[in-house]
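Across the two complexes that follow, chain A remains constant while its partner is chain B and subsequently chain C.
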Partner chain A sequence: MIRRATVLLLLLGLGGVFSALLFGYTPDDELNRTAAYYAGQTVRDTGAANIVTAIIVTYRGLDTLGEVTVLFLSAAIVGLVLAHGARAGGARRRPIPPGELLETGSRLLTPLILLLGVHIFVNGHLTPGGGFQGGAILASATLLLLLANPMRRFSHRLIRLLESLSGLLFVLIGLLGLLLAGGFLDNRILPLGTLGELTSAGAIPLIYSLIGLKVGAEFSSMLAALAETQEP
Partner chain B sequence: MTEIALATGFLLILIGLYGALTNRNLLRMIVAFSVANTGVNLVLVGVGYLRGRAAPILDATLPAAEAPARIIDPLPQALVLTAIVIGVGTTALMLAYAYRLYLTRGTLDISRLRELKW
Partner chain C sequence: MSALLPAMGLLLSAAMLVAALMAVRGRRSLPISILAAGLVSLLASVQFLLLAAPDVAMTEAAIGSGLTTFLFFFILARVRHD
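Let's look at the complex of A and B:
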């Protein structure tokens, strides 16, 4: 009883803070200085049509590297925690085999889903989307295969290879920026090209594709680790 | 419009915190944390919105010269993209720990896990 009252009191206080924020909020009429800089200078600096992508990959590229590292760490810990999680022995039920419809349907859809994911991260500098979104779509192909057949197992070696290779190339491109252009993860190591074309914006499509592959591999490894806890 | 998004976001944060503080089941707490996480993202995106402006993506109808006067703030969107990805990572971690805890203790009820209670 006292616990519930404390919780309600806490939430009431927090709600008071939030409502003060909400009623004191006046929307801006124009961009603040940082946003105005990004809006005005992105095309000259990076040649990317999608300003959000330019911020993530170039202006705040180091933060994105950190973010990918955090994601890698959490995927690694999920794998570690669940590695010996499966109960040894126990009743071994024969799994129900997936039906013909599921089998064929998932086989038909998987390449299309992978293609959509690749399309989204390759065009990340032109259209909404990018490496993280594309990577999540790649991993959803893994999820589809697991939903169609929960007993399916994936090659951990392949996932690990894809993940470490793309991470390594990401850092190498960043270091190339240090040597050939203005600094770490500078995208001007390749020509900026014309705005709106696929091969524009310097190294941004390359970096975002690597991020997409890495994120896809990390999410897939999380899904595979969670699926392997299922008793056979 | 912005006010609706902000109010919904704040409400989601409060609902999530209420759920996380009152539920005793770990899985329900994880779901509650996800709800609160969504609320924070909604508030952040809502703050970056400016009335009557376009998404920060340039094309033929939105040339670079007009961009500062016609796009919304791109920075909160980049931040929220980061926050969503990290949210997925933390949720996966919480689920993995909850599974491990269930295997070793046979329960997800936190009132029966008392080692760290004082």
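Let's look at the complex of A and C:
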């Protein structure tokens, strides 16, 4: 009884906070100074058609490097924690077969999903989406393969190579920006090109593709570690 | 057009609430709960799209409704197996 009342009170309080936020909201008539700067200068500064990508990869590139590092750390910790369970188990029982539909469907869908993920991060500077979204889509292809066949094993060497190589190249491109252009992760080390073309916006497509590969490899390594763990 | 967007937003919010209730209260079938939770994320990504944030919408669709739903099903299969 008391527990129910507490939950109800908590919900009411939460609702009160959010409704106060909602009713106190008035849309701005014009962009604030930061937003106006980004909206006005992005195309001239970076040559990227998608302002969000320009902010993530160039203006706030260092934050993105931090995000990727956090993701890498969590993948490493998941691998570390699960590695203990993997050795403990004995003979593995055969899991429930997933069924004809899933097996055939995954064979058809996996290449398409991989293609979509690559398309999203290669076109990150032109269309919505980018490295993180494309990487997550790549990892969902891995997960689909695992769902269709839980006994499937992925090459850890390939995943590790992909992950560390793309991370290294990401930092190297950032350092090149320090040497050749205005600062760390400056995209003007390559020509900006014409707005709206695939090979425009300097190093942004390159950096975002590397981020996409890195994120995809990190998520995939987490999922592969999860799949290989034996029940204690 | 100006009245259409808030109406769609309200409709989607109501659908999200129903899906969330299904996910929380659906005690009979775990797969239906998982699907309902994925539906909440999918509808949220449509909301983001209506609010003119396609990048956030894509993240929500890829991670919230894609990867998480797949992951729950994968774990469910392993838990059932024991």
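We take it that the second predicted complex is superposed on the first by the 194 of 232 C-alpha atoms of A that agree within 3 Å, B and C clash if a C-alpha of one lies under 4 Å from a C-alpha of the other, contacts with A are read in each partner's own complex, and residues count from 1 in each chain.
As a convention for this text, contacts are C-beta pairs under 8 Å (C-beta built on N, C-alpha and C of every residue); 3 or more make two chains touch, one makes a residue touch a chain.
Owing to the predicted nature of the structure, the values given are computational and were not obtained by experimental measurement.
> Between chain B (first) and chain C (second), which, if any, makes contact with A:98: first, second, both or neither?
A:98: touches chain C, not chain B.
> Please indicate which partner A:33 is in contact with in the superposed arrangement: first for chain B, second for chain C, both, or neither.
neither
> Answer with first, second, both or neither: which of chain B and chain C does A:147 touch in the superposed model?
A:147: touches chain C, not chain B.
> Using the touch definition from the top, say if A:25 reaches chain B (first), chain C (second), both or neither.
A:25 contacts chain B only, not chain C.
> Please indicate which partner A:52 is in contact with in the superposed arrangement: first for chain B, second for chain C, both, or neither.
So A:52 meets both chain B and chain C here.
> Touch test for A:157: chain B only (first), chain C only (second), both, or neither?
After superposition on chain A, A:157 lies in contact with neither partner.
> Please indicate which partner A:132 is in contact with in the superposed arrangement: first for chain B, second for chain C, both, or neither.
Both partners.
> Considering only the touch criterion stated at the top, classify A:219 as touching first (chain B), second (chain C), both, or neither.
It touches chain B and chain C both.
> With the touch criterion stated at the top, can you tell me which chain A residues are shared between the chain B interface and the chain C interface?
Common interface on chain A, chain B vs chain C: 50, 52, 128, 130, 132, 136, 219, 226.
> Using the touch definition up top, name the residues of chain A that touch chain C in the complex.
Its residues touching chain C are 50, 52-53, 93, 95-96, 98, 120, 128-130, 132-133, 136-137, 139-140, 143-144, 146-147, 150, 219, 223, 226-227, 231.
> Any idea which chain C residues touch chain A in the complex?
54-55, 57-59, 62-63, 66-67, 70-71, 73-75, 77-78, 80-82
> Over in the complex, which chain B residues touch chain A? Could you list them?
Per the touch definition, chain B meets chain A at residues 2-3, 6-7, 10, 13-14, 17-18, 21-22, 49-51, 55-60, 64, 67-69, 71, 73-75, 77-78, 81-82, 84-86, 88-90, 92-93, 95-97, 99-100, 103.
> Which part of chain A faces chain B closely enough to touch in the complex?
Per the stated touch rule, the residues are 4, 7, 10-11, 14-15, 18-19, 21-22, 25, 27-32, 34-36, 38-40, 42-43, 49-52, 55-56, 60, 63-64, 67, 70-71, 73-75, 77-78, 81-82, 85, 87, 126-128, 130, 132, 136, 195-196, 215, 219, 222, 225-226, 229.
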